[in-house]
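Quick one: this structure, given as structure tokens, is what I'll be asking you about.
Labels A, B, C and D are assigned to the chains in the order they are written; within every chain, residues are numbered from 1.
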Amino acid sequence: MKLYNKEKYNDLGLDTKAPSSGYRALNKDGTFNVHKENVSFFEGMNIFYSLVSMSWLQFLLVLALGYFTINLVFASLYLLIGTEHLTGIYGTTKLDQFIEAFFFSAQTITTLGYGQIAPLNLAANIVAASESLLGLLLFALATGLMYGRFSKPVASIKYSSIAVIAPYKEINGFMFRVVNPKKNQLLEVEVNVNLSLKRANSDLRDFYSLELERSKVVFFPTMWTIVHPVSSESPIYGFNQQILIEKEAEFIVVIKAFDESFSQSVYSRSSYKANEIKWGAKFTYLAKRDDTGLSIDVGRIDDTFEIDLNQ
Amino acid sequence: MKLYNKEKYNDLGLDTKAPSSGYRALNKDGTFNVHKENVSFFEGMNIFYSLVSMSWLQFLLVLALGYFTINLVFASLYLLIGTEHLTGIYGTTKLDQFIEAFFFSAQTITTLGYGQIAPLNLAANIVAASESLLGLLLFALATGLMYGRFSKPVASIKYSSIAVIAPYKEINGFMFRVVNPKKNQLLEVEVNVNLSLKRANSDLRDFYSLELERSKVVFFPTMWTIVHPVSSESPIYGFNQQILIEKEAEFIVVIKAFDESFSQSVYSRSSYKANEIKWGAKFTYLAKRDDTGLSIDVGRIDDTFEIDLNQ
Amino acid sequence: MKLYNKEKYNDLGLDTKAPSSGYRALNKDGTFNVHKENVSFFEGMNIFYSLVSMSWLQFLLVLALGYFTINLVFASLYLLIGTEHLTGIYGTTKLDQFIEAFFFSAQTITTLGYGQIAPLNLAANIVAASESLLGLLLFALATGLMYGRFSKPVASIKYSSIAVIAPYKEINGFMFRVVNPKKNQLLEVEVNVNLSLKRANSDLRDFYSLELERSKVVFFPTMWTIVHPVSSESPIYGFNQQILIEKEAEFIVVIKAFDESFSQSVYSRSSYKANEIKWGAKFTYLAKRDDTGLSIDVGRIDDTFEIDLNQ
Amino acid sequence: MKLYNKEKYNDLGLDTKAPSSGYRALNKDGTFNVHKENVSFFEGMNIFYSLVSMSWLQFLLVLALGYFTINLVFASLYLLIGTEHLTGIYGTTKLDQFIEAFFFSAQTITTLGYGQIAPLNLAANIVAASESLLGLLLFALATGLMYGRFSKPVASIKYSSIAVIAPYKEINGFMFRVVNPKKNQLLEVEVNVNLSLKRANSDLRDFYSLELERSKVVFFPTMWTIVHPVSSESPIYGFNQQILIEKEAEFIVVIKAFDESFSQSVYSRSSYKANEIKWGAKFTYLAKRDDTGLSIDVGRIDDTFEIDLNQ
């Protein structure tokens, strides 16, 4: 005899307690509204991931700042040793010498080595030899980071900013659409849509996996309208916009695809809250014939027209 | 009670509306006849993918042009600062000085640094130090691109340029063959063949998944003839060449394999239109015995001989 | 008639013979207590793996030592050729000349090339040209290693250091919890828990796959308590702490996940021995509401409170 | 009504025609005895794969030769321009000048740039600037190749050089064993064994998929003996060594695993011919207890002892 029932979970791993009114589990850009505290420095540290994920502007600033700082440090070291142990330093003031040492450092760490300044004694030679090795290693690192930044898998799927409730066959359907704006092909594209609804008079949420008209395509060259038919079995059967808002409905979308360019599996996530759903609207069909085939107007992904819903 | 039936989709994600007579959904090289319009610049941008996908000639031209342009820019900067702040510039005319500055820039950005020309004042030093850092970063980028270009997964499967309808057991079969001309092994090779047929008096197409004699092999060292037996259950049962042409038949082939060299899944796509099918022809068997094993004549992949079809 | 039965294996590939009392098959950090002897040098050698897996301190030491050694070797070569064949060597003693040759080597292998020292005759030129090529190749290697070190997949899952036996519905459950302290998202997280128990009066161990309340989540942004309900079907049904210790119980945990950052499958392993299990304790619920969503206190992952078990 | 039966294929994609007596489809090292002829140059070309797959000795030779050749070419170019347009060339004979130009080229392509030789006129500067760019690109390429060579997935599984027929429960079993001699962990290891037997008086071979006692392990830290129980359902039931040799039996082994170090799927292949099977021998058990756990003597993987077979 079994004392427990293995339940089906549709919460995807999100907390079933709704933390506060108006809480959104998943942001439109696919990030989670969860913060981790008291993560020890080493546990949470993920330098490569940070450097690869930051924006290009931030990344270049970090590099420039690092370059400047390292040269400051080495210029100080050369000054400490004494600039008389470098050939070609002509500055007479400490500042002039520091500036010359600074650029000598820059020439050394980049392995540029013009040679008009060069180390003379043992100490200066040791520092210069160490600096050039450090330069090579830092540059090796920068190379890896550059490659990491570029080859980082990104499922750049574009979602319609709103979803609609539109007639679908004899019933209605919850619909949104997606397109891949990039030139790289996505293959074996799978979509899952789950719905979270807050229980009345409780801080718990229920999660439902929604049946889709179609949950997988092999190719994805055009725009794809994803449809959840609101049959009598749907958890939103008989609902209207008001009920969805009261129940703090959140439609959570997960798309998995294979990016052919770099042979990688990529995931894309987004969500629709109740107020991002248009009732009685249908997406405009956008594919047109042109000389060589089909033409899709990606800029009009949000285009809808009003239409009466089925009862 | 269910108000809708979950239908089986065989269209692979291609549009079921046939955009115009003679339309080909999938080109022989595996690209799609779909164009996306009004993709915003940032959405559609995929620099790494473009640089990694372009031909070697284009790639080298981009590099050479970039190198030339950057040196032009920096030569102008050095001229602006004044070439008297560089040692070893002997040119008396502006043009001569520009040329010398141009090559000084080239020596700096590649971190070559001969040193017969070198920066003297602060401004020149700042520009040179920045240029050498920029050089290293651009070179880091080039390294990543080189690696990306080479390690890009490519399923280099070669298809017979025609398909045939040939006798198969007591019936006939739709057949084409494939071979991997490269030395890297493809493993776990799976093939899917789908057929698109235009409906009479309609702009809609129907898609059918075709039963194959065999849809997967573990090893792929030889040539493989893929066979769709035209049994009474086949969507082309009873058809002749004329009917296939009228219905704008398109056989869409998708091959998925695991490339052992770089541990990557690779996809290959191709298609056969009705006019690329020979009726009453069979592929010549090409494997021969030699001293150490089997020998396959890849150059004769299209060799067929005439044969009477079964009725 | 079948002469043998295909048995179900739950030992995961671990030896079913218990090698000694107190043996632990899997360490808490996921390594195995197995040593391989008499592996021939070439078979066991895995330079890249070693250099990529060692700590950063070890790695930097290896690099510094390698740099030092190579320069020693080339300095000796230049001395052998005669430092009179290098311009700019002013040392009069052998030691001074060796030191100058050493730093010339350093300037050559890093392609720094100040030029105040330069090769004059054929032999010195050949050595210098070879050294700079070697330098480039070693640096290419260092670049690859840097990238390999950083992009190495690591499932940095943090386990509660203890497991608990706590009330679960009307029965009790074996529970532990896990969290991902890093910022990169883990998706499609699957967990398997197997139990090894020593047979009485035998050196054999039996392995059991444990039923879990839930063995997979799609997202993993928060903390996850993994529960094995101790129903009447559980191999530890009716056990107490004493029995688990006598039977040398070892709970072996394997977690598989997809790391979204680098599109990689990652594995994490850990284990709980009988003395790492608290009886009659329950984990404290740690998720709190804050302004923007949920906040998880990772530092309190081991927090429990006492509670009476169900009988 | 179906006119054909979808047959089960066990040939793994190998040709079912046996090309000659004594033919071995799969070599012990996992390569195939198949040659492809008349592959056009571009189709067959796979530079990266070749450079990444060749031995280290070959690879270094290619690099050294390339370096030498490029310097020859550029030295000729500098000579053509006239060495009077380079500072610091003191050679009076053509040969001396050529040698000096050769080493100037080496200093330029490695971006070493000592500067004791430097370009003076426009032509020499253009060549030098082009050469340093070329040097950077070639080096970028070498970096990619180095990384490609090291991170190339290799399933370094070591097979027992012989298989045995040994008693297994009340019947006998076909057995061989495998071990991973490297320190990187293989996970989710799956094995498939297929048998090819030549038909009497025919040039056709039949392929059989063999039932295994166990075909998958999650961990693979120790040695694994793979067993095909020779029950009455086995294709070799009732066979003796003589029959296996007459039928040119070939046991084809495919192992698939996940290499945790680089998050890659790896494949390993090998085969056993009839004369590589010992009848009436059993593998010696090699795991020993030591202080911290188990110790496996990898060097004795082929150790067997004689034993009577079950009838």
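Here, a contact is a pair of C-beta atoms (placed from the backbone, for glycine too) under 8 Å apart; a residue touches a chain by one contact, two chains touch by 3 or more.
Small disclaimer: the values here were computed from a predicted structure and weren't measured.
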item: Copies chain B and chain D - rotation angle from C-alpha fit, nearest 5 degrees; value: 90
item: From chain D, the most remote chain by mean C-alpha position; value: A
item: Chain pair among B-C, B-D or A-D whose interface repeats that of A-B, sharing over half of the contact pairs by residue number; value: B-D
item: Pair exhibiting more inter-chain C-beta contacts, A-C or B-C; value: A-C
item: Inter-chain centre distance, chain A versus chain C - centres from mean C-alpha coordinates, in Å; value: 26
item: Chain B and chain C, separation of their C-alpha mean positions in angstrom; value: 37
item: Residues of chain C whose C-beta touches two or more other chains; value: 111-115, 139, 143, 145, 147, 262
item: Residues of chain A defined as touching chain D within the complex; value: 111, 113-115, 143
item: In the complex, chain C residues that touch chain D; value: 1-4, 6-7, 9, 12-15, 17, 19-20, 23-25, 32-40, 43-44, 46-50, 52-53, 87, 108, 111-115, 118-119, 122, 125, 128-129, 132-133, 135-137, 139-141, 143-145, 147-148, 152-153, 192, 254, 262, 264-267
item: Residue numbers on chain D that touch chain C, as the complex places them; value: 63-64, 67, 71, 99, 103, 106-107, 110-116, 139, 142-143, 145-147, 150-151, 156, 158, 168-171, 179, 181-185, 187, 189, 211, 213-214, 217-222, 224, 229, 231-233, 258, 260-263, 287-290, 292-300
